[in-house]
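Should a chain be cited, it is by its letter among A, B, C and D, assigned in written order, with residues numbered from 1 in that chain.
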């Protein structure tokens, strides 16, 4: 994403001529394609595509692109989304007490691995404030009180809106967001769950993994939906454990999984690599 | 297991002096230890040990060992099991139509990777007969008829008994064994399930994995218990998949997982590496 | 590859309009694309593409396709290769004494995992004959005598030619092929090396891995070139080992790696997924 | 390591009675063993053991232990090392410009994952100072000038000595330490190399991995010796890459490997899990 590029994500009912139409459109505008990948889900009869071009020879605005591309899109019933690398997404991080995912994301941000802006961090605890401040990111403490959950969420949503947040990363934020909150950012809230979903969804996955005697533990990044831990899976990874490992060891080892899995999901989201449909994701590589 | 060795598996309530007592016992009999490993489960207050010695200087029979070791075992409330590498276990394989696990196990057997005898193969289908015969192993066809399940299982158990079978490997045997059958071989029936348990237990795991959109598929070898897919896990492995993979691709890729996971479990069982307690396993390495 | 499809592999100097041109060509012939993937190597200024279409609506012969596509290919300086799933490749297997890779490939062939024909197996030893015959594949014993190497290779090449072999798999064939032999099948001889190349190229890699104290062992499938173990890498995989593992354990564990890595490379070659350039490969997924 | 424990590492020529002798010694002192593991290298005729006990019932000082254990150790020609969890090791970190490993280690230190003290960080660059200060760790800037290397190293060694450093972690310190420096801390300097050794030892491993077209990249933690990248390997890990990945992508992906591999090696060193012999390591689990 160092170059000045535009990335177009498209999904449409699959039919002949889609690739030719899109390629012809881009060629007619003199676009220099630097990456293109497509996928056809024959069961769902769906065509999905990601195409990225260098802006040097074709540099539309969202408006001029829309005007030019709409007729094509309409004819093929495409849903599409355009992003410019020069306009990085604005990402909010929500976190509770465990700071490993936050610390990992902020480090990647600091060394330029994540091409985004982070206008704010929201937490129901105070302990991550120092880390936020070290990275010069405004930190908002929104302590959770059960009876005031609606009110608190309203305040959080207001913060997100004021900071023009594009998407939210729950970096081990240990509160369950209300369906209304989630509906505000469809496919734009990334959560990390500390198990290999669908195994051990819900509470205390490491304890249950230990009790069941599994030989691998996992972590799963997914888009949050109103069904807890049931949203479209973006990435998963596992790690071998042994009979020597206590629950505490699983928690410790699992942190490494959580950091890696969440950071990949965030990077792919930033790079417009993810298309979500039928509660599943395509991740273009 | 090329050497002529004896392997002792011990479990006992953990307390001081266990290692010293066992080590002293073996030293007093002039045993030359070639491998020893132990584990303490502090939660369960359990001590588990595997010790293997060269039979050159200490070559008891089961009877003479029992006579000598019993007082020690009694004092420390040990449960123990002794095996001699010179008396390989007798393994039965049960299989249905998919022959990949069977083919894999037989190849390993043929090239000396599995130190066991295979007196028979039992199948509810005919198609694996050629493979059995190529490997000179008697093949028994026991077609399954729902109404006659008890009768058929009785016949299968009679076959196992007649062939003095020590343990049974279900190499994708697609019938559910009755609790009575399983109770005849406690911790001695190894099953392979084609998912990363506890996810997708039961029927059609690859179909459900595909529907859920997971990014990794798995396989699990476990000791069969009367609770389907709930027995102690011996080994698990996973493999990355992508949005490109259809259910058929998962089935194809999964075969490699199943073969590897099942063969490891079988080898470890043959090498007396596995101790099972509280529906979990310790696998000594 | 169950469907009746055609697969086109293309490489060309990268320039604007390539995708549009190819897509337009296929659309103008009414081809129903079922899979397309492309890659641009910006350093090498190379465009590489794989496109597969259902033959129902566009079913050229090699000759009619050539006639139609040549002008396009010429204009863009494309190198291209067309294959029809209805005409499976003819694969020869060369093997020495270790039969695990051969056994694995033949099993996959038998259950329909490898869409090819296997007209013959060539070996410098006799011991794999039974396995070949069990699978009804002609077996040619070509014992190697140093002084007669040229003569023996000439005979082997004659066998390959007579059987109209498309490509050769060295399934642990422990002889070094002469440059002339290799030049006869450029990018069409797949070899498996039992290390993670470039580490431990040459002889006795497991012994050297053990001596060096590595924590993972590997296997590498590559196209054979006249530089031993230096050809384009198709696939690699690794496995964890520990201080407990002797050289014999590495050899045993490594067999699983070799089988999996080689079988993947063979499947990808059969599926026309591999493009080779500058001693590297693109493997379309 | 939360409990107050002592850990004893032993290596000795293998012979009968070693386990019994050590177990008896500990029992006679009323030690409550919480972890024991041993390994026999039959080729090297070496016995290696790690045993950890709860200090509640047996709490020697180094001196009292030495006095009691020496006769036993002498008789069996043991080399041994004793450590107390209550006296955490003092670790120095050396780093250059890349801060990802440093940042990772400091985060783990901050959340209590690494049971050590970090009295100082030494760098030949200034850019990691902020990170050091955020974590309240003294930062020494020792810019490298080729002609003054001996002088600079002398100063660095003086710093290490003044801070009573037990071992040194080179967290991507891009200078080659002199043999004299290394000899001061034998088996006590942990280095991270950004390749799967022995492949791509020396300079620019990611560039060379890319050029060779490997399908996996790796990282290796090892004890530094006077032979560059030839010291005993502690840990290795790999990650899959594809033809899509540029050298920059490898560098980015490799950072995750480097962090994980180095942090494991550091943790194992802190936990006295590593025994080194014949340029190899045993890592007790």
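To be clear about the criterion, a residue touches a chain if its C-beta (ideal position, glycine included) is under 8 Å from a C-beta of that chain, and two chains touch if they have at least 3 such contacts.
Since this is a predicted model, take the numbers as computed values, not measurements.
Between B-C and A-C, which chain pair shares more contacting C-beta pairs?
By the number of C-beta pairs in contact, the winner is A-C.
So which chain is the furthest away from chain C, centre to centre on CA atoms?
Farthest from chain C by mean C-alpha position: D.
If you average the CA atoms of chain A and of chain B, how far apart do the two points sit, in angstrom?
Centre separation, chain A to chain B: 42 Å.
Please work out the Cα centroid separation of chain A and chain C, and write it as a whole number of Å.
The answer is 37 Å.
Please output the residue numbers of chain B that touch at least 2 other chains, ranges allowed.
242, 244, 285
Which of the residues in chain C come into contact with chain B in the complex?
99-100, 103-104, 107, 111, 113, 130, 134, 242, 244, 252, 255-256, 260, 263, 285
Quick check: in the complex, which residue numbers of chain A touch chain B?
My answer: residues 39, 41, 43, 196-200, 212-216, 218, 232-238, 242-244, 246, 279-283, 285.
Could you pull out which chain B residues touch chain D in their complex?
Residues 16-17, 19-20, 23-24, 26-27, 30-38, 40, 42, 240, 285.
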